[in-house]
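When the chains are written out, they are named A, B, C and D in that same order, and each has its own residue count from 1.
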Amino acid sequence: MNKRTSFSTPDLAVNIGGIRMKNPVITASGTFGYGEEMSELYDLSSLGGIMVKGLSLSPQPGNPPPRICETPAGMLNAIGLQNIGVRVFIEEKLPMLRRWDTRIIANIYGHDCGEYAEVARCLNDAEGVDGIELNISCPNVKKGGMAFGTDPVETRKVVKAVRRACRLPLIVKLSPNVTDITEFARAAEGEGADAISLINTLLGMAIDIHLRKPILANIMGGLSGPAIRPVALRMVYQVARSVKVPLIGMGGIMNAEDAVSFLLAGASAVAIGTANFVDPMTPLKVIHGIRDYMIQYDMTSMQDLIGAL
Amino acid sequence: MNKRTSFSTPDLAVNIGGIRMKNPVITASGTFGYGEEMSELYDLSSLGGIMVKGLSLSPQPGNPPPRICETPAGMLNAIGLQNIGVRVFIEEKLPMLRRWDTRIIANIYGHDCGEYAEVARCLNDAEGVDGIELNISCPNVKKGGMAFGTDPVETRKVVKAVRRACRLPLIVKLSPNVTDITEFARAAEGEGADAISLINTLLGMAIDIHLRKPILANIMGGLSGPAIRPVALRMVYQVARSVKVPLIGMGGIMNAEDAVSFLLAGASAVAIGTANFVDPMTPLKVIHGIRDYMIQYDMTSMQDLIGAL
Amino acid sequence: MTSEVIENREVAGGIFRLTLAPDPFPATVAPGQFVMVRTAEGMDPILSRAFSIHDVVDRKIRILYRVVGRGTGCLSKRKKRDGIGLIGPLGRGFTIPKTMKTAWLVAGGIGVAPFQLMIRALRSRKIHTTLFFGARTAEELAWYRDLEGQGVSLVVSTDDGSLGEKGKIVDVFRKQILQYQVDQTCRVYACGPRPMLSAAARLCRDLKVQGEVSLESEMACGLGTCMGCVVLTSTGYQRVCREGPVFPADSILWE
Amino acid sequence: MTSEVIENREVAGGIFRLTLAPDPFPATVAPGQFVMVRTAEGMDPILSRAFSIHDVVDRKIRILYRVVGRGTGCLSKRKKRDGIGLIGPLGRGFTIPKTMKTAWLVAGGIGVAPFQLMIRALRSRKIHTTLFFGARTAEELAWYRDLEGQGVSLVVSTDDGSLGEKGKIVDVFRKQILQYQVDQTCRVYACGPRPMLSAAARLCRDLKVQGEVSLESEMACGLGTCMGCVVLTSTGYQRVCREGPVFPADSILWE
């Protein structure tokens, strides 16, 4: 209470496995493109970080449409990781992204460990990438994707391969489609991950009962949005109690209250995904709301908030 | 199209592993009590079946409140299987339930295989139970519950024990909190399950950011409601392609369209859970809606509809 | 069942009175019972909210609610002629023994809601009734002046003393009741925040007067099927929606 | 940005015209662009819906929509003075080359929406314009008589022949256009159901006339970030929300 009288602005800075961010709010991979379009809407320098759309070695066409489908308080997507490829990203998108004073985290995936490592190596040699997020959890591509994230042996292999291939801070993004999420978190940590992000989407499906076929051309897709928040929050809470590396929590965060609940559960930062579609200003509102919450409860630094359940 | 001219009412009857039901709409365990209260609202004889609240050998007090918490398009519950015990159920509730012309399915759980078997034996000897639903998937009790449903070896053991203990049609209810649901379905089928029901709730959590503690006294709870429907539908679709026994699909079914999508995905019957809280008339509306759908598409029996993707 | 909005009026800052015409109109309605209300069309929020039946006039049901969150926020936007889903009346209301002569109603804030209907019932039995009504501010109380014309004594208090006595209504009630000779013909009825109810329950125990409290709890079904709304009583967990919401004050383990 | 509902009027059975006052008003609006609209308060439905900008009058944006599902159902209930979240204008609209002299607009059903603003643009450039407008029934067409005063030729058809010619509007258009001498100063603009658009595209190819089609697709962001709304073109998957919604008719692989 007496701290209140100082009226000091709380310090929102966090260090996520070596990535120093001015605040704990990141935009989730695949929901923010390469930042270009969003920069027309607001100053990206306000963000703690940007996780760019998943990058692979060569450009990918992605899945045929329909790729998305609305569900109660959520959505399914089966984009199939359409992307321009890591080299084009480095040449064409990264220079533009660097103009903003924020951390650029490259989300990557490959079809096998070698390809994962190769993408990481490209980024390691490029100028201006602050960290790598290893997507071992995408449910929408046959090879390279969920298979790595639902078998702890595979998880270990791919993390090891990428760890060797680059010196950048390494974040491993876990799949929620597993029996025991902590097992995968420990596997990633054991192989040298600097941080863990969770959760990716839950595998789901929707059917058009009149056409009598799945709505998504890919049949199944990944469920995101507030619908999955209770599951995401539970997993963050569990993983926070079983590893030491910092966590980036995500899954249905729509506003500052949601973000605070992930921080209290033990995440050191949060990522905003589907909410960017619902209200593109969400990340800014979340940053302000976290600050207001900290002021209300006399918290001066993020350490007062993270895991303070 | 020419069938249409006959104006025959479609036949909604199904046979779920030996349980003959007049229609494929059941009320899900834990969302309908023992039917008593609901019988004040409508004629329970309209239902295909009733799955009663989970029964254990001895009465259980359940978890301390708060036990429920609303979430986006869903809810968390941590009832902790409060129940009157199987013997009191047989003596006091079953005679009343038998008055309705519907199938009574007893949902059971135990703390170990022996207890599971003992509950099944009691029901086997009682008059008027049409089938048993084995709950190996409740996330809200420490022992006896999810542990059995997230380890295929344990699943096999408990199904085997109960299979031996009773001659009643045996339905095994799977937990969705697993990496590969089909593995558990095959395990249950292999040990003699007559049918499989899925899904139980997803393990989730919610936090009160002002009190800085979990909202549920039990910390975690089970997520149900439309939020989880895409996950449930996906699992039904997957399991339908890997076992031969009939499936009872559930998870977020709110109306006839939802129910039809589960039937198309391969379920032979559906159960209505959380929707009973939102609109207690849902099961009746679903029955009528399935009938209307069958008439619209000239389906005469459930065989035309089940798995007709 | 469905109902039509007849009126949805803000009677004080953030407090609304909603008048609904249910179809069909329920056979019986007892004071202290509640209804489950679908506050929004669609699924946000998904669960219905419980509201005490505030009054019954002319085959209309009234509820009184304070806007606190998503559900009541949605409800406050429903307009005349809108349809609203409704279940009820539900639960066990207040009991009024034949031999009763004196009723003390203790209401904290929006906890006053069920007492309008209760006052009608008490008056029709010619029971001498006093309503102790406490609120945070004068504004929350002022609109309730209509009650004065209804043959009940009214004692009010506010947290800030801006109207009536200053302080908690239970304390005001305690001071007054100590001057009475209480016996089996008297009864206390309390509705409001949990700390107020437990204080009222303690008072009843000390004075050896029968008391009834109307509880709140998180509810999913309101019907007794989900087992979500339980409260710990001397006979174990009881459902607030079925065995309650009104319980004998001495049956609740207040911890 | 937010906007205030100025009017939300049912102009024909199930077809509404919504007039919104956005704050701030966008710097530029081109015909064929769209806006993303939050149809409901709260999260049911959670995704915004795309609507073509129907008209701009007096710093107000108008959209024209048919109630088909949950989102448009919610939208139809929004009342005057309600606040509605809005993003836009978005995407690439119709292009009007300097040398153009003749515009043929082909609209199927609610696909007529973007053409009101388009007609204003064409008229201001004194381009000779004919609107071919097909609908299922006379009612869907009748309200649109206002267009007649605007200096465009209007040809209408209905599926049942209850108004105008009987049959699909593309067929009506085909018959008429065959009588013209088409060249580079003519252009076809089409908006409506996908089969209509592909038929229009085929016609353009056959007649060697430039055509533009406005496509629909399932959208999450409307901004170009989710990659959800793609359509297969001769240069691969393109985003309907960013590279479209208006595409050269010959660039789309109609399959």
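In this text, a residue touches a chain if its C-beta (ideal position, glycine included) is under 8 Å from a C-beta of that chain, and two chains touch if they have at least 3 such contacts.
Quick caveat, the model's predicted, so the values are computed rather than measured.
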Open item on the list: Farthest chain from chain B, going by the mean of C-alpha atoms per chain?
Closed with: D
Open item on the list: Measuring centre to centre with CA averages, how many angstrom lie between chain A and chain B?
Closed with: 34
TODO: Determine the centre-to-centre distance between chain C and chain D, using the mean Cα coordinates as centres, and give it in whole Å.
DONE: 54
- [ ] Compute the distance, rounded to whole Å, between the mean C-alpha positions of chain A and chain C.
- [x] 47
TODO: Please set out, as single numbers or ranges, the residues of chain D touching at least two other chains.
DONE: 43-45
- [ ] Scan chain A for residues touching two or more other chains and write them down.
- [x] 72-74, 225-226
TODO: Could you draw the chains as nodes, link the ones that touch, and say if you get a line, ring, star, complete or other?
DONE: complete
TODO: Provide the residue numbers of chain C that touch chain A in the complex, in ascending order.
DONE: 43-44
Open item on the list: Under the stated contact criterion, what part of chain A meets chain C in this complex?
Closed with: 72-73
Task: Residues of chain C that touch chain D when the two form their complex - done: 40-45, 70, 74, 77, 79
- [ ] Mind listing the chain B positions that touch chain C in their complex?
- [x] 30-33, 36-38, 41, 53, 61-62, 64-70, 72-75, 77, 79, 82, 225-226, 254, 274, 276-280
Task: Touch list for chain D against partner chain A, complex - done: 38, 43-48, 85, 87, 217-232, 236-237, 242
